[in-house]
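Data first, discussion second: the structure below is written as structure tokens.
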Amino acid sequence: MKNSFGNSITVTLFGESHGVAIGAVVDGFAPGIEVDEAFLAAQMQRRKGLSEISTKRRETDEVKILSGVFGGKTTGTPITFFIENAAQKSADYGDLHATPRPSHADYSAYCKYHGFEDYRGGGHFSGRLTAPLVAAGALALSALEKKGILIGTHILECATLRDKGFGDYAQDIAFLKQADMPVLKPEAREQMLQVIAKAREVGDSVGGILETAVIGMPAGVGEPFFDSLESALSHAMFSIPAVKGVEFGLGFEIAKHLGSKVNDPFDMQGEKVVTTTNYNGGINGGISNGMPILFRTAVKPTPSIFKEQQTVNLKTRQKATIKIKGRHDPAIVHRARVVQDSLTALVLCDMLALRYGTDYLA
Amino acid sequence: MKNSFGNSITVTLFGESHGVAIGAVVDGFAPGIEVDEAFLAAQMQRRKGLSEISTKRRETDEVKILSGVFGGKTTGTPITFFIENAAQKSADYGDLHATPRPSHADYSAYCKYHGFEDYRGGGHFSGRLTAPLVAAGALALSALEKKGILIGTHILECATLRDKGFGDYAQDIAFLKQADMPVLKPEAREQMLQVIAKAREVGDSVGGILETAVIGMPAGVGEPFFDSLESALSHAMFSIPAVKGVEFGLGFEIAKHLGSKVNDPFDMQGEKVVTTTNYNGGINGGISNGMPILFRTAVKPTPSIFKEQQTVNLKTRQKATIKIKGRHDPAIVHRARVVQDSLTALVLCDMLALRYGTDYLA
Amino acid sequence: MKNSFGNSITVTLFGESHGVAIGAVVDGFAPGIEVDEAFLAAQMQRRKGLSEISTKRRETDEVKILSGVFGGKTTGTPITFFIENAAQKSADYGDLHATPRPSHADYSAYCKYHGFEDYRGGGHFSGRLTAPLVAAGALALSALEKKGILIGTHILECATLRDKGFGDYAQDIAFLKQADMPVLKPEAREQMLQVIAKAREVGDSVGGILETAVIGMPAGVGEPFFDSLESALSHAMFSIPAVKGVEFGLGFEIAKHLGSKVNDPFDMQGEKVVTTTNYNGGINGGISNGMPILFRTAVKPTPSIFKEQQTVNLKTRQKATIKIKGRHDPAIVHRARVVQDSLTALVLCDMLALRYGTDYLA
Amino acid sequence: MKNSFGNSITVTLFGESHGVAIGAVVDGFAPGIEVDEAFLAAQMQRRKGLSEISTKRRETDEVKILSGVFGGKTTGTPITFFIENAAQKSADYGDLHATPRPSHADYSAYCKYHGFEDYRGGGHFSGRLTAPLVAAGALALSALEKKGILIGTHILECATLRDKGFGDYAQDIAFLKQADMPVLKPEAREQMLQVIAKAREVGDSVGGILETAVIGMPAGVGEPFFDSLESALSHAMFSIPAVKGVEFGLGFEIAKHLGSKVNDPFDMQGEKVVTTTNYNGGINGGISNGMPILFRTAVKPTPSIFKEQQTVNLKTRQKATIKIKGRHDPAIVHRARVVQDSLTALVLCDMLALRYGTDYLA
């Protein structure tokens, strides 16, 4: 499959940036889960990002639920999240089809779809497609929260700036949930806003690293050999446009150390088995071990910049230059974190439902 | 699914380290592909690693093909690779069930399987399970090579030592194919062997970073939104025991740069569209763009070390110590590279067969 | 999965009878296929059935395509067919939740969804859900027709009346395509209309047997052992509400005969291998053999009848009676044939795309 | 997928009639299920059929379990059932490749696999491939029995002879479990054995109809819209070689009746909701309703007969005749019933595990 993922709970995504609508169908959610519309709306708002550093495209992004919810609760049949495209300005994109934007999907999509793809605004490859995933994720996050499973993501790095890591997980996750800019160190917030603003001024863009923590996950969840928790989560993360790396626990850093330094010793904490360190990010052998799950993604700088760039003309087969117009974000890390939370929640709901049955989340 | 992956071509893995046998069933391969038994045997040998730095467990690892091959060629029906477990010494592992080894799957598997898991030698979680994947991968690598698609992996880092990156891809891949130690810089070979030998001496272990290149991949392959090439490849890579990170192109490094520095400009090379840099690792929007596919994995130091470690006793629910005995590798990067090549090949075969039909590889 | 089917091409269905909308997302169709809107509209009309014997619920059933089509052609990304529910009269169904209708999904859905299901008008189990499948099927039928693969379904039996079987397949299929009542024997048409009208008069319902023929199918398609053509087609057919039997070729009748009577001898017809009889319905070993594919489904009489029926009250746990109100068909065979054609086309498109690649249908 | 089926529990089948071995990998079974080796052996014996009317090919069919069982109990990791092919006499089949046997898979497989298929003895399409399914099914049947879910199949029809239908389900299923010939009416047993013996004498074959009942199934299981219980069961049944029809409850007969005659009225039986008739075979809307699940399959006469038959020579492209030699059954219904029980059990285990979690069967 391509635009669907999941086993027990599946998500199917549809739409293009400048088509009629975008949406997602979520199938397999337990019946009887309350839909928290206020939280859903708040998540959609968070995805839009801080107005001072985000795109000027002002979609209302009003989510309609077309099916699968009755009397405010899930029915157990497919839930369809639907968002109309109101503000598309297709004229801005007309000439991009012949001259693909560097580091966008334009050229590779052209090769795959033979030129029939809806190229306007990136079409099916637009970051806009993450909006219905956030809507679907809001439901998943709510359901997990009722089970005591909490998820939070912060910007660990933005360009060359660095936030501090997680301290008290529960407290930090609660803080991030309501933060307009997901940064744990107060001074990092200002610095990052400045570096983003500066990139915008010069028509450039910056990337960053997002770090996600999950607490309250029961031990024993994951489906190795091939559906390890790492495999399932990275699969979802790499579908977020712009993500070029995923690492768990110490990640790439772990490769530099001796086994004796980075093995996580076991200990008892009352009746609970814990590890005294968590270099493996809460996962051993692809299965949760009850410690916080910790992972990071590398988000490349948004490829839509306003500087003149070199490209080719696919019709004339000649070198060409391109200058992108329209409305584009100088950074997306602060917006992508909501997508990361959402996909994490959907993957974990699927894994939990597969393990404990489809009624588990009810 | 769990022990199967793939859409058009599927791989199903079975077995435990100290059970009767391990194996893999590969379904969906085109009929008429010649089975290169010499190459298969050579790959199995490469997976064993250099004798001076590898485990003393000397399995013959003789691969029998039980089905799906007739007259030396694939039939189109499931191919079963089968390896008997000859050399198991189960007595070495008997006491591990109560006292899980730090950073192994012992404890998380215990939580998932309620103690019914075959714990001997890591059971289903043993690195030994990668042997049938290498056998299956040999077939995939051969089939891809006939299509001009070549794959090679080297040890970019081992502990704190560093190899040089890929230069001339075709030449480097050819070199790696026959190298006993997959390192591109001659002096790095000796240094790495020394650091591994030293870790062994002190009963410790080291990790590393593996870098894989794929050349000859046609543009237009990948199944976004959710089965992006990155998603499919990382999914497979994170099933390799010990992998804790996967990154494409510049990877985590890309997050530090401005968009204008790391966008890959397009250019014409004769009739072919190319990019002048390849910071995206040959993939845009989850689809191959015709440039070399480049990615790296972080391999943690093998958790089996011979130093005394802290753990708990799951029966008494008390703190305990453990000293692992038996035969264990002080490093697996030089062996894991064959697994990485193999899984890469299997994923790409699946993607190509899905795109171009099941007869494509014939 | 549940509300999705298919491997290379997948169909995801959503919606409830009295919800906001119903629809289907079709993923994996080749780019560049022309969307024949007139044919799509005609198929939707055919699904409504002859007005004199069909439900008085007059939905406009206007299909909007929300995504995946650009400039009148498929883009290769998910195609969403969307139908708003305009005419629902929920008041008619309010009391059914406590007193399940005999032979409907009411009670079994209640057990599965714990009472949270949208019970109005059958909810997700309504025959209305077949409307988006017909829309999706129209695209599949058009694409297959361009490949010379033609599909037609007639009412072989209605109650105790019988149509004649297929004669000249191409001619019969062409006739059925434009027939308002899909019957091959002229006099059977009138008789069947009468038996249906009579059932309506007395508040009862009739069932029937639908027979489908596919011609032009290449030999060698099907994915046994488990995805035989029969398995794939029956899987889809049994998802049509009211279907209780599926048989291929001679079907159940074949069990009464000697092997020597019902084996299909091979013969040459010019350069083509054919069979002189077709008791196996064009499928041997789960794979097409190039002869017409022939199968029949048993469609039970619609359970919605207007006579008083015995049921139970799920709240009081007592025996109860029910008298169904509202708008219901005395027969659905003449409407279901369009659904049968549509699902057949979708299954074959999937099988062909898996075999010959995703561009095959372009 | 092709040689795998299932969602939460998957079965992967491999092997050819005259290859090294055949087998099945079952993944997803709960840990801690006892393996009843005596029952497994008994089922394998039942599959061989009564010696007086079955093939003279006397395979020992000894099942080895290669993985997934430890200390007599399932571990939760893949279970591999393995059967060596000992008695193959390939010389008997050598000339069949050019002259396909009527109504066998020979020709359609040739089209699919381009002549690379292992044609000896039917290769992957041999009825022999059902042996590992029976081994896997034995485990499933045992696990279901512990949950109070019982399955039994009898020969409802053999050629033109007819057994009586199920009476007291529990009693009949217990009787069938130990019957050497699965017939409920004593006199039907002798008659059927005679009709089969007579077919053998004249080198011909007979078919039949198998009827399966499942009792103890909880209400609320099934995954419509597309994975209805009927869809899932028929999908599996149509993978049994020779099955050409599947019907539930009244099946094709239901199409002849008025709704008022075949709707199943609800009633209370103590605290339990029941239906007073069971024309729908225990399934409404694709979901179990708590009544016995009842279905029938049409098994065609075995195509291997000893009379001269017309075929074509695929090399010369001319008409030809063929006279099949070797060891073949004049009937397989009495053997296929074990396969039908086994696949039914595997499908239900999968559905139950998906619904109630992977530990449900433990």
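Letters A, B, C and D mark the chains in the order given here, with residues in each chain numbered from 1 onward.
By definition in this document, a residue touches a chain if its C-beta (ideal position, glycine included) is under 8 Å from a C-beta of that chain, and two chains touch if they have at least 3 such contacts.
Not measured: the values here are computed from a predicted model.
When the contact pairs of A-B are compared by residue number, which of C-D, B-C or A-C has over half in common?
C-D
Have a look at B-D versus A-D and report the one with more C-beta pairs in contact.
B-D
Counting only Cα atoms for the centres, state how far chain A is from chain D in Å.
So the centroids are 45 Å from each other.
List the centre-to-centre spacing of chain B and chain D in whole Å, with centres computed as mean CA coordinates.
Computed from C-alpha means, the inter-chain centre distance equals 38 Å.
Can you list the chain D residues in contact with two or more other chains?
Chain D, residues with two or more chain partners: 1-4, 7, 13, 112, 124, 359.
Once bound in the complex, which stretches of chain A touch chain D?
Spelled out, the residues of chain A in touch with chain D are 7-8, 354-360.
Touching residues of chain D toward chain C in the complex: what are they?
For this pair, the touching residues of chain D are 1-5, 7, 11, 13, 100, 102-109, 111-112, 124-125, 129, 157, 159-160, 199, 204-209, 218-228, 230-232, 234-236, 238-239, 241, 243-260, 262-268, 271, 273, 275-276, 279-281, 283-290, 296, 298-305, 307, 309-312, 314, 317-319.
In their complex, what parts of chain B are in touch with chain D?
1-4, 10, 12-16, 19-23, 25, 27-28, 31-32, 64-68, 70, 73-80, 82, 112-114, 116-118, 123-124, 359, 362
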